[in-house]
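What follows is a set of structures for review.
Two complexes come next, and they have one chain in common, chain A, joined by chain B in the first and chain C in the second.
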Partner chain A sequence: MEENKVKIRKFLSRFFKKHELGDDEDIFALGFVNSLFAMQLIMFLEKEFELAVDPQDMDFANFKTINLLASFVEKKTVKV
Partner chain B sequence: MKIELSDAQQGYKESFRHFADSYIVPYAQRHDAEERISEEVLDRLISAGYLGSMLPTSFGGMGLDMVTVGLLNEEIGRGCSAVRSLLTVHGMAALGILRFGTADMKAQWLPRMASGKAIGAFALSEPEAGSNAAGVKTTATRTAGGFLLNGCKRWITMGQIADLFILFAQLDGKPTAFLVEKANAEGLTVNKMNGFLGARGSMIAELQLNDVFVPESHLLGKEGIGVSHVALSCLDYGRYTVAWGCIGTAQASLEASLHFAKEREQFGQPIGSNQLIQKMITEMVVTVKSARLLCLQAGYLKDIGDPDSIMETWNAKYFASLAANQVSGHAVQIHGARGCHQDFPVERYFRDAKINEIIEGSSQMHEVMIANHALQAL
Partner chain C sequence: MKQKKLKLVIWDLDNTIWNGVILEDDSVVLQEGILDIIRELDSRGILQSISSKNDHAAAFAKLEELGIAEYFLYPRINWNSKSSSVKGIVEDINIGMDTVAFIDDQPFEREEVQSVLPEVLCIDAADIAGLLDREEFMPLFITEDSKNRRHMYMSDAKRKSAEEEYEGPQEEFLASLDMKLTISPVTEDDLQRAEELTVRTHQLNSTGVTYSYEELNELRHSPDHTLIIAELEDIYGKYGKIGLVLLECGETEWKIKLLLMSCRVMSRGVGSVLIAYIIKLAKEKGVYLTADFVQTDRNRMMHITYKFAGFKEIEHNGNHIVFGHDLSFNQAFPTYMKVEVQQ
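Let's look at the complex of A and B:
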């Protein structure tokens, strides 16, 4: 989980250069991201963590904080 | 770092070029004059499998990588911008279903789209909603078993011949994507739109929707992600293929100008020996190469799933569409009076280039996105 958070934070730092993003901070409420960000984020998640983001997962509530993103990755990559 | 096509990609490029020279170029002026794509060309595209160029082989597509898809769009665009528009919007619809569709939607539509049995189109723009895509006014209201669509879509490329539309409407005030099948859409009226400046064979239509019923199963993706995910994803492919098509238009302008500059004599020598003509040719050569490199980079990043591919596609489309305008403008200038007459294709390239600077995001929308992205990166 912590390793994934590091990767997520590194990706997000491209968009939040001068802001130290907290694990529970709402990244959409900060106003730094544009309309393309959601696509970029999904591509990052799929490539970095080798998972598929299904249309039903495409809810900003799943992606709005580092903790939620890490939980989402954990849930999608859990080995059955 | 290595920037070169693989042997397979080079082989495809040569076959695409041969196809365009044989089956597209000879029809392009007719498409422009008649404001439609000929049946012969459509049949050839289908026979070659190009309507499935963007789809995986599991659905009957060609399974091409995105660089090779780009090469196809360059060569088809070199022949006729309107035919390239067909590949673009059909691909946007097909990839929208591939990315966001249910298993049933994919099984029902993708093999038919790959084989050309069904033509797809993308119905987003409206009389009052262009660049502000989320501002569409078409509505979807819930009814027993599905939704009723009401509103108007305008400037819909290939709308005259499409069998299936990805259509965007406000559902409970949230932009949502729907599949609308023309054959089962009572209340849908398709009106031809003619008289365009360029890409005149694009068979553009206005769609009037009057209580058009679509079943629940035709909601694409889920409620509220129509623009933020579905449309932006489709438009990314659209932008990418338009960018490549612009290179085709620019390449055609360059090739016509090189031939003309060697053949046309004034003051006892070919005009190509004039240094002011050489200056224009130099700008054309370097501009085409620059645009192609940007497109190749965007394609490579798409093939490896890199999130940077999205902004690089914006960069590529911005530059390539301006390049097509500059290069085709030079081509008209080099051709002199001939460049201003419909008997010479550079006149058409010049008109087609302008269309491509507006569709899939105007240059000004690109400037907003690209500049903000650059400022954000500091």
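Let's look at the complex of A and C:
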């Protein structure tokens, strides 16, 4: 989990340069999140963690903060 | 299956555009009638490129000498397989493989392209005489935007290389473009382009529903509908009219029946801006906002755009989704783009 958070924070820092993101900070409240960012975020999640983001996963709530992103990744990558 | 209207023709050079093999004999001349075809396709708004196994410098110099180099976007003159060249060109231009024709005199090359890219229409260079009369080479209409299409894609190529060379963050690059988006009601002059957009646009299209000139004209006058067109320009020039929104405006609910954008403005954030604009309008009116969405294998980007703009699925029937937005949340317009609203 911690390891994933580091990866996620590193990815996000490319977009929120001047700001040190807190684990529970709402990234959508920080400014304009365009579809461009959204697509890159989803591609990043899929590639980095080898998971598939399904249409029903594309809920705002899954991507709001670093903590939520990390638990989303965990939920999606749990081995059955 | 009915052949789609073509958007791009990729030409071979030796014994297709000119008569002979340039590395054997430098004195090749254009095949009879070829110049007329190239010019006519260009004026119809059909893009053209080159896939040739050749020495790049020699072949390109010949294209310039013949005065036709400017007609071709992202030419691939190299020793790679033709299918990989075709694929690369199509990716650079960013259109569907099923809207591409490939013309070559060599059966081997046509078969190689066909086997790797079955959606491409492969044509023998010997058969180009009647080319311009073929159904798939006849666009539904030729608008101001289609006549300028090549120039707009040329500007895109310049933007693209500027973007690749830019080392700072993407937002900064976007800011350096000095983009201006103009949002205005569809006027009579826009109707052909609006129809063309509904027909041509597949990736950034929320429903894929096409509308005819007459239908759009009716909707434009309908008191229960709002039809909006968006135009983008930046330091490299005009992108033209690139976005269309159809709103169904009820007493208490507004529905986005259609939201689409030309794929040339992909990665510019136009979709999010248009949605933010609609949310703002709905909020001012105090109505509930919904949106129709039809899922295809091509429009995932639009799905993401809606979801990240705060829309939630309220109905899901097969591939048809209805989104709802409670308007509690809206993004501000991005700082990298000027937005002008004309009434």
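In this section, the second predicted complex is superposed on the first by the 78 of 80 C-alpha atoms of A that agree within 3 Å, B and C clash if a C-alpha of one lies under 4 Å from a C-alpha of the other, contacts with A are read in each partner's own complex, and residues count from 1 in each chain.
The working rule: a contact is a pair of C-beta atoms (placed from the backbone, for glycine too) under 8 Å apart; a residue touches a chain by one contact, two chains touch by 3 or more.
These numbers were taken from a predicted model, which means no experiment stands behind them.
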Putting chain B and chain C on the same copy of chain A, do they fit or clash?
clash
Per the contact definition in the header, classify A:17: touching chain B only (first), chain C only (second), both, or neither.
both
Thinking of the overlay built on chain A, is A:58 touched by chain B (first), by chain C (second), by both, or by neither?
both
Touching partner for A:49 - first (chain B), second (chain C), both, neither
neither
Which partner chains sit in contact with A:38 here, chain B, chain C, both or neither? Use first/second/both/neither.
both
Using the superposition on chain A as set up above, list the residues of chain A that contact both chain B and chain C.
14-15, 17, 32, 34-36, 38-39, 42, 55-56, 58
Once bound in the complex, which stretches of chain A touch chain C?
14-15, 17, 28, 31-39, 42, 55-56, 58-60, 63
The residues of chain A that touch chain B in their complex are 11, 14-15, 17, 32, 34-36, 38-44, 46-47, 55-56, 58
Within the complex, which stretch of chain B touches chain A?
99-100, 221-222, 225, 228-229, 232-233, 236, 304-311, 369, 372-373, 376-378
Within the complex, which stretch of chain C touches chain A?
169-171, 267-269, 271-273, 295, 300-301, 303-305, 307-310, 312-313, 329, 331-335
